[in-house]
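One structure is given below, represented as structure tokens, and several questions about it will come after.
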Amino acid sequence: MAPFAILFAFVFILPIGWAVYSSFFRQIAEGGGAYGGGKLVNKFVGLQNFQYAITSADFWTGVGHVLVYTVIQVPVMIIAALALAMVVDSFVVKHVTGFRLGYFLPYAIPGVVASIIWVYLYNGQISPIVKGLAAIGINVDFFADNVVLLSMANITTWTFTGYNMLIFLAALQAIPHDLYEAARIDGANGWQIAMKIKLPNVRGAALLAMLLSIVGTIQLFNEPQIMATADPGISKSYTPMMMALNTSQGTLTPSGDGPASAIAIVMALIAGVLAMLYTLAERKVNE
Amino acid sequence: MIRNRLITGLAAVAALGMGLAGCGTEGTSNNTASNTATSSNEVVNITYMHRLPDKAGMTLVNDIVAEWNKANPNIQVTATKFDGKASEMIKKLETDVKAGTAPDLAQVGYAELPEVFTKGLLQDVSAEASKYQSHFAAGPYSLMQVDGKTFGLPQDTGPLVYFYNKAEFEKLGITVPKTQSELIETAKKAAAAGKYIMSYQPDEAGNMISGLAGASGGWYTVKDNAWVVNTETAGSKAVADVYQQLIDAKAVTTNPRWDTSFDATLQDGSLIGTVAAAWEAPLFLDSSGGTGAGQWQVTQLGDWFGNSGKTSPDGGSGVAVLQTSKHPAEAMKFLDWFNTQVEGLVSQGLVVAATTEDAKTPKDWADFFGGQDIMAEFKTANGNMGDFTYMPGFSAVAAAMNTTAAKAADGSGKVSDIFSEAQKTSVETLKNLNLSVAQ
Amino acid sequence: MSSATVNERERRRAERRLEKQRAAAEHDLPRSMRPSAAVKVITVVVLVVALFYFLFPIYWAIIASTKSPSQMVGTNGMWFAVGLGDLPNAIASNYATLLGWTRGNFWRWVLNSLIYSGVSAAIGTIAAVMAGYATAKFNFRGKNAAIGVIMACMLMPAALLTIPQYSIFHSLHLTNTMLSIIIPCCVSPFGFFLGRVYAQSSVPDELLEAARIDGASEARIFFTIVLRLLAPAMVTIFLFLFVATWNNFLLPLMMVSSDTLKPVTLGLYGMVSLATFTDRGALMMGALLGVLPVIVLFLGLQRFWQSGLAAGAVKG
């Protein structure tokens, strides 16, 4: 525990402490006037940054995007990953190495590059997919206002399903085989084994993956950022995470680390509440 | 078996860790060594951070710098390339200046200079700069100034000009329009034949539309030490009017400039004319895939937006001396030399701000643009630049303009909204920075 | 999962470890579990369709990696733009472009990435498993608080912590060193939680007690027994940390400025971040070449997922 704790303190606790501290300040030009005195100073503003985040319509629009995204993307991905893991682990197909590697590969592609690939594949004028669909009479616009979120969700799903499958696979591998044997003696078939033995045994991993995916989507950033090159309508505050980073880098106003930290903290709190609700709901269902 | 492997692994990790720690200390001691050298041999070390492309076939920044280092043993320069976006580089510099590890020189876009000044990253080098003033065009030189003080030297410029495919124009029996009404008429005529002589680029709105609107008069002026913001000038209204009419008549392409779909419009030959920044010339060679090679031309903007022959900057950047530099004089000396290395900088795809020698149009550029000496055309454009000053925090304004511009492209908004959004964001940004706004 | 099933299963596992003979038959699939032909066909179809979905964009990227900027737009995305005979030239030209963009440092940066990813994943995996095991199997004061804090930290976007991390590392004189990338990348709350869940479910308490009764020290128990049991989980955590470090460009962007220290993804990001960037083919090539080490790693580690092998390793 100790090595992890020390590293953890350095890499997370201290910086988060810094972020919380800085969220009470705003970076303003010293001296005022037209250009300021050529220096930015930290001004203590109390809870003003938080007030800004909470009252910002852009922030809540961003939260809305992320929530819709989470509700659609996470279940689809987890169920797909679970299904694939079960199929790969079932003894139906012998040579699964290729499949396993194939599913995992997208995960190894850097997120920025993955987004660039998909942006190309979504592009109406050049994408073989769009052209192919159009040829058989289906016209899709992957960048239409109500579709663009799904297009992003697809990128995330494409990237992470394979990895989640591996998590489940590791859990499946940990199931003692004598359980199967016992089930077989009791006359269970493959499907029953999958549902009655495998599924309950990967539950822990699945629920964790679900929770972590929810937390992960809240930090949605790369996909919308790159999608914005093809669709400039995706604003700098499309997701709270984008809003925070762009605030920090000065492409949104008010700018600086103070407001950026406040946005991140409010979002973290929202995410925390959601995670807790999820855990409670899960427990309730379990009982 | 696994256990053995694990132990070997751990040992390897430990060894690597030590090796890495070694690297760290080594680096530090190197620094100390060079610092001591400064005092004894009078060698000044200058660091320079840039984000020039440095791609294959270009004269690399490091090679240009090496030449300087060879000739100037007393001023040794180290150039580092920042592999990120401009906004990320400003963030990095901000952090570096606070930590005291900032480079002496850094590339800063003209639009960002006031912002970087307000953030306290710059050092006033007016006296040094004035020695080199005559080496650079006046417009770009003034863009390296904030509040009457100079903070570095200009490197490249991006005056807005008009690129068009002359052969296609002739085929359609049209000429480059001179007035606003001619522009709209010609665009409609071309569109009827499936061709476009203008492009509306939502992702460049912050730079290009502000430039077009600003050609006839700036948006930001300082009066009594307070900002007077007016983004809804006559020029802005003209720009809104022209583009709105073109969009409504479907006589303009609306692809984002940096999306591959823009390249597609060049390659399929449907886009035969567009307003472009000078530095886009070499990009057209790449993007067009040879379509229309030898047929394109560069010319000055017509009087389309009440700009009466004037143009404005779209992008372009200079190199500024940072606050923490201990050797501003030496840094400026190098910078003057570097920014006048016309041939090397042109190879990086830049339209230089230096006037010490006429930039030669590279052969492949000239081939694409029908043998035209486009550098001369850009020089004319540089001379035609109106005064356009940027305000601190302009990047937030530009970002807001882009998002609004996208709405006009898909019909859910109007082009004029861009300017009202710019007004709103400008005032908000200034206030948030604690700067004074008149009214 | 209810504790009853866990205990039940764990008891069975402990039993199994004691009865080696019974375990010997595990690798063979019992006759009655052999699937019917229809099930087999459906399964294969599902697997292949999924494979197509995952590999189609990669196929496109491979094709794209041989194309010039204009060919990216102007030619059929599904096939090479040039004849097969000219393909080596097309590849060579994009390779040259890639080396140009990375200023000849491409392979050096790949090596850097390997060091960063390998070292931080190795340290990070051990640390995560240790911490996960400790919180799963021991009771100590503040345990729940610690878990809560780690959970809470996971909610904070890591990207925003880069700036304060930079300040901290600067005060330690560690910026622009390899450690400034390795140390932050070692720590992963995600890895911790995975380690914890796996430790909960696959390390039987009975086994630990038996070892303790035999007089084994806690350290010995951890390194000889627990790590073996957690092998599949560790591989999963290792891969996660490896890829996460490999793909992280924001941290190195802030932490290092020397060309000799940059990881390969930063180089690729440097290409993309120029608005005027058009060499998407070269970018794809860079990304694909960068994926190769991950594939090698995956193939090397994948035996840990081989059905039954994990259990076999446990038996040592």
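For clarity, chains are labelled A, B and C in written order, and residue numbers in each chain start from 1.
In this section, contacts are C-beta pairs under 8 Å (C-beta built on N, C-alpha and C of every residue); 3 or more make two chains touch, one makes a residue touch a chain.
Worth saying up front: this structure is predicted, and the values here are computed from it rather than measured.
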Output for shared partners of chain B and chain C reads A
Averaging each chain's Cα atoms, the one nearest the global Cα mean turns out to be A
Intercentroid distance (Cα basis), chain C paired with chain B, Å
39
Computed distance of Cα centres, chain C from chain A, in Å:
16
Go ahead and note the Å separation of the Cα centroids belonging to chain A and chain B.
33
Touching two or more other chains - residue numbers and ranges from chain A:
120, 126, 248
Where in chain B do residues touch two or more of the other chains?
88, 91, 258, 260, 264
Residues of chain C that touch two or more other chains: which are they?
72-73, 126, 163, 167, 249, 269, 280
Contacts from chain C onto chain B in the complex sit at residues 68-74, 96-97, 99-101, 103, 115, 119, 122-123, 126, 163, 166-167, 170, 173-179, 182, 223-224, 227-228, 231, 249, 253-254, 257-259, 262, 266-267, 269-270, 273-280, 313, 316
Chain B touches which residues of chain A in the complex?
26, 28-30, 32-36, 38-40, 43, 119-120, 123-126, 228-236, 246, 248-255
Using the touch definition from the top, list the residues of chain A that touch chain C in their complex.
1, 3-5, 7-8, 10-16, 18-19, 80, 83-84, 87-93, 96-114, 116-118, 120-121, 126-128, 158, 161-163, 166-167, 169-171, 173-181, 184, 189-190, 193, 200-201, 203-205, 208, 212, 215, 218-219, 221, 241, 244-245, 248, 257, 260-261, 264-265, 267-269, 271-272, 275, 286
Give the list of chain C residues in touch with chain A in this complex.
1-2, 5, 9, 12-13, 16, 22-23, 25-26, 29-30, 32-35, 39-40, 43-44, 46-47, 50-51, 53-55, 57-58, 60-61, 64, 72-73, 76-78, 126-128, 130-131, 134-135, 140, 146, 149-161, 163-165, 167-168, 183-184, 186-187, 189-190, 192-194, 197-198, 200-202, 232-233, 235-236, 239-240, 243, 246-247, 249, 265, 268-269, 272, 280, 283-284, 287, 290-291, 294-295, 298-299, 302, 304-305, 307-311
Mind listing the chain B positions that touch chain C in their complex?
1-3, 6, 9-10, 13, 16-17, 20-21, 23-24, 27-28, 49, 51, 53-58, 60, 62, 80-85, 88, 91-92, 95, 98-99, 101, 258, 260, 263-264, 267, 279-280, 283, 286-291, 349
